[in-house]
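Residue numbering begins at 1 within each chain, and the chains themselves are lettered A, B and C in the order written.
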Amino acid sequence: MGLLHADRLFPIEEGARALARALHGSVKDLPIVSPHGHTDPRWFAENEAFPDPARLFVTPDHYVFRMLHSQGIPLEAMGVPRADGGPTETDGRTIWRLFAANYHLFRGTPSRLWLDHAFSEVFGLERRLSAGTADASYDHIADCLSRPEFRPRALFERFGIEVIATTESARDDLRWHRMIRESGWQGRVITAYRPDAVVDPEFAGFADNVAALGELTGEDTATWQGYLAAHRKRRAYFKEFGATSTDHGHATARTEDLPQAEAAALLAKALKGTCTPDEADAFRGHMLTEMARMSLDDGLVLQIHPGSFRNHSQPVMDRFGRDKGFDIPTRTDYVRALRPLLSAVGGDPRLTVIVFTLDETAYARELAPLAGVYPALKLGPAWWFHDSPEGMRRFREMTTETAGFMNTVGFNDDTRAFCSIPARHDVARRVDSAFLATLVATGRLDEDEAFEVAQDLAYRLAKQAYRL
Amino acid sequence: MGLLHADRLFPIEEGARALARALHGSVKDLPIVSPHGHTDPRWFAENEAFPDPARLFVTPDHYVFRMLHSQGIPLEAMGVPRADGGPTETDGRTIWRLFAANYHLFRGTPSRLWLDHAFSEVFGLERRLSAGTADASYDHIADCLSRPEFRPRALFERFGIEVIATTESARDDLRWHRMIRESGWQGRVITAYRPDAVVDPEFAGFADNVAALGELTGEDTATWQGYLAAHRKRRAYFKEFGATSTDHGHATARTEDLPQAEAAALLAKALKGTCTPDEADAFRGHMLTEMARMSLDDGLVLQIHPGSFRNHSQPVMDRFGRDKGFDIPTRTDYVRALRPLLSAVGGDPRLTVIVFTLDETAYARELAPLAGVYPALKLGPAWWFHDSPEGMRRFREMTTETAGFMNTVGFNDDTRAFCSIPARHDVARRVDSAFLATLVATGRLDEDEAFEVAQDLAYRLAKQAYRL
Amino acid sequence: MGLLHADRLFPIEEGARALARALHGSVKDLPIVSPHGHTDPRWFAENEAFPDPARLFVTPDHYVFRMLHSQGIPLEAMGVPRADGGPTETDGRTIWRLFAANYHLFRGTPSRLWLDHAFSEVFGLERRLSAGTADASYDHIADCLSRPEFRPRALFERFGIEVIATTESARDDLRWHRMIRESGWQGRVITAYRPDAVVDPEFAGFADNVAALGELTGEDTATWQGYLAAHRKRRAYFKEFGATSTDHGHATARTEDLPQAEAAALLAKALKGTCTPDEADAFRGHMLTEMARMSLDDGLVLQIHPGSFRNHSQPVMDRFGRDKGFDIPTRTDYVRALRPLLSAVGGDPRLTVIVFTLDETAYARELAPLAGVYPALKLGPAWWFHDSPEGMRRFREMTTETAGFMNTVGFNDDTRAFCSIPARHDVARRVDSAFLATLVATGRLDEDEAFEVAQDLAYRLAKQAYRL
């Protein structure tokens, strides 16, 4: 029967399952709109072959290597690079065998769904990965990767991607985006403005980053007005490369709407490195409101991604650096935190603020009630660890009754694992189809409406919310 | 098939659905006991016709206008009155068309269930509301409202309401309740004692309110003993008009059991307006324990409704005033907060304290364990935003295993939307029937017991807990 | 049909139910591994008959007497002993009748499942307990208890217990464990090291407890090195009686990794009774890291059981003492709390730290992400109030997607209610079978894998994680 169950993620009862199947059938071939993610624009710019199966599926995917590590496998054994450049495993086949021999660890996880989908639909594999199938699958995938139809642009087209957004730092020169544009290739790859390094006083090298931002824009970023002007210029530059959104990954959801003189004074302290932690937090929070004000002018959608405790293990941070699977969600409050921004600009329907959470307890208690009344606020989809069948189901069950569907923004795959993109959208479309079928089967929605909403969730809301 | 699915909210699997249908059949025609709500006693006193469809269904219903507002529709366009008396839409048909054209926003929400139920069961409409059906439905409902059988008392009787409680402020003269009583009409409409304005030092006009309470009762409310005596007199007065409960809507669940001298000193500061926020909170918290002590004397049931952050948007508060859909639930702790009150009086089975929550995370973690051991404590039903099919299901799933059914108090409709009352009780009875049927189908309850519990949840527990 | 539904706790839909039945069939007769619990080793040492039905099922079971108390029944009426030795009900039959007449209170609770299972499977009763069946069931159970095949060792064997762990305080002489060993009986009853009384500066008699620990071990526990050495000796002593784990029940999950001099200074203050609450908390937290370091040497598994607010009612504490059903779960943070310990030793795969929670909001947000990456960390099963069908389901639904199955440790019955042990393991095996069947039915797991995982969850993981 292959790796994929045809009715996966649908309701179990046959009547509801049949309807879910029909709903999914009506959306499964819609183009993919990927308004937020972390693919590397260089792939599409250079269109080089991906190196080998392990470097495609294991080494760069924190979901994969964190699970193996949790069972005692050193990160080095999976080829994760060390901060000091020390030795790690470099043989793709050795890494792949380790991965395959531990594939049972992914039972019941979304990684398993994504991987099996890619193995099956992208590479045509039919047998479950295991120690026994490791070499055959490695050889098969490696062979595929050597062929032109598995290069990034070919896969982009085969995946039916209508538009994909990458994420670049405020100081990025967007060279790969420029190269894509100049290549004449028609794939729509756009950027998004991520200014953490120049709005967070606690970011490594903040003062230098801000100074460099000044050089880049010809503004005196040591002054508050010059600093704001530099942001405006960079936003405009990012817009030239298709950006329709900005993205902000703070530790908390705090926003502030400070008097301008106070914000200016905080910037000065931040540049001197004398902010207290609370002042740094206030500055970050105030900058969200400034960004929202800029959005009223330039139309960029504001995304807030709070609540991750980054680099939780000091030894792993020291040895391997950032982003090694040790970012852990924390409790996050939104009601008081978002109030300054929402009181300032939340009533303006020209603005779109999309808020995400890693704290599911906020869905029904805080976020749905807020998004269900403020014109500017929309809910981002289930995020990160919650971007899973159960997580997506909880998102719908806990937000829909108060926020409805139209205050949500469709799906974000949020991934750097390129081959998982079709899988992730497929999972989202299936979970939403199942949810809608259940509403119909329990008399909470008419069938014709369910087909309309399915289109909204799979395609229309993402385009509309992100202005794509 | 009309607007309502006959098996709505029942389990999908046919066997469990059949049992849920039978359970619901055994309770669906029971009288409605509505022990906590916000209908206007003036309706039943004067028995005037409701003005028009928009003023019945849109303008007064914060669930409805907040959802429309969330999509950018100004509150003025729905006829919501402005604080400054400035212009808002006054044409009922215009408001209704706007509502109808946006009816798709309510897909998947409980408002949709309540509205369709009222449209269908109260007014006999058969087609889904939409731009296309707006005028016809408006005309039909308007025509109904002009007829005697749609006046408040007639609907009260048609709805099968055995008793309904309204909520009045401590200083209310209860004139409408008096008028109902003197009219000779037999409908049982009772009041409930809501003293927020005279127990919360941060309530607008607190000192004046307390002084007025003194005048009303002939007590010297500037003294602690006089203040308590005034409460006792008002409670007795409310009891004359049927009150069996008091109601308290503080921002937190904090209770205190202070020495009397300390409480007296706080009152003095509160009257002078010199309480710190923490002192104000302590005073409110202490008054809950005083109210509980008074309940031991006069038998009134104490209701605690904590956890709403009121009037979240300052611009909306400034322009439209309180209660405009901007009350947002917050995280609420109960374990430490309720301890002073529970240690003081929670062991006394003569007392009934009913606690509600807007923070569902407390159901299984805090509230069910507390209600499952303290004789005086009972759990109020799923409240406000959680008064929905998913919210009610979560309430049962997260409280029953630790608190059982008998430490809950049946259903509260808690509404000012009169026509939604039968709908809301119907939703509760269906969700409970579904829950019970699921317990039976999974071997956790015998079928004969399920029928008994269904009666408890739909009727008996509310009467018993509220002493009706 | 008797007291037990053959397909209890399985999915309702027939296909998934059939698979759950098959999965359960494959594990239901596996031996019971009970790595954490509170049975009394004296039972197995002396092998005396249990006194009477009420003293077996009512008086010692806080789940039972707290529910009856919540409805106003005094603890005295259930024979719960008073702290002052004052009178309580002593007639077993009287207590039993009270229990039976209130058996409806347990509808929908796990206690009902456990009790019915014991009544049916252990004692062969066939009719539901009620006032009407009270005397007959009392007589029947009392008769059974007088027979040799209902003595503790006989039941231990009949229940198929492969190994059971009790929990003893650090200063316990383990006399009953010694007596079991010396008796020649082959039942495997092991101890676990619970040092709360000698690591918690706020524990009653802390300084005396530590001094006594010194005498017991011949170490000078007034010094930091002597104190640590005393722990090492006691751990070694407990290991002689089979211990494979230590257990720590702090109010919070706080850990610290202090410089040794600072820890030594805190010990000195603690012994003088001059610790502030924060210092006491820091000391407890630091001792967890010390215990983890000792575990690296001696191989004992470290269990952390945080988050209970103990003895919530002061009047009940005064009248009846500790452990009277008034321990209430509280909100617990893990991300910051566990970081010092995890940064110190969490990367070491030789160590096993098992963390439990009473705050389910941490499952998906904090605990699964932590256990899904740290080699040393594993998740304990759903605990205490959450050790129930809904609680276990939530545990799997909220942890599996991020932590997988292999970072969990099977089931703990955690009980002092001996006759409920087979019932509790049966509930866990059923709920897990249902969960696995649902994964298969929704295409998230292959059927052959489900059978393997069922073995893991019912048997293998507990043995492996606890090194049994």
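Please note the rule applied: a contact is a pair of C-beta atoms (placed from the backbone, for glycine too) under 8 Å apart; a residue touches a chain by one contact, two chains touch by 3 or more.
Since this is a predicted model, take the numbers as computed values, not measurements.
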Between copies chain A and chain C, are the contact residues mostly the same numbers or mostly different, with half as the line?
different
Rotation, 0 to 180 degrees and nearest 5, that superposes chain B on copy chain C via CA atoms
120
Chain A to chain C: how many Å between their CA centres?
40
Hey, what residues on chain B touch two or more of the other chains?
13, 361
Could you list, by residue number, the parts of chain B that touch chain A in their complex?
4-10, 12-13, 66-67, 69-72, 104-110, 112-113, 128, 309, 312-316, 325-326, 328-331, 358-361, 385-386, 388-391
Chain C residues within the chain A interface of the complex
11, 13, 15-16, 333, 335-336, 339, 342-343, 346-347, 349, 361, 364-366, 368-375, 377, 397-398, 400-407, 438-439, 441-446, 449, 452-453
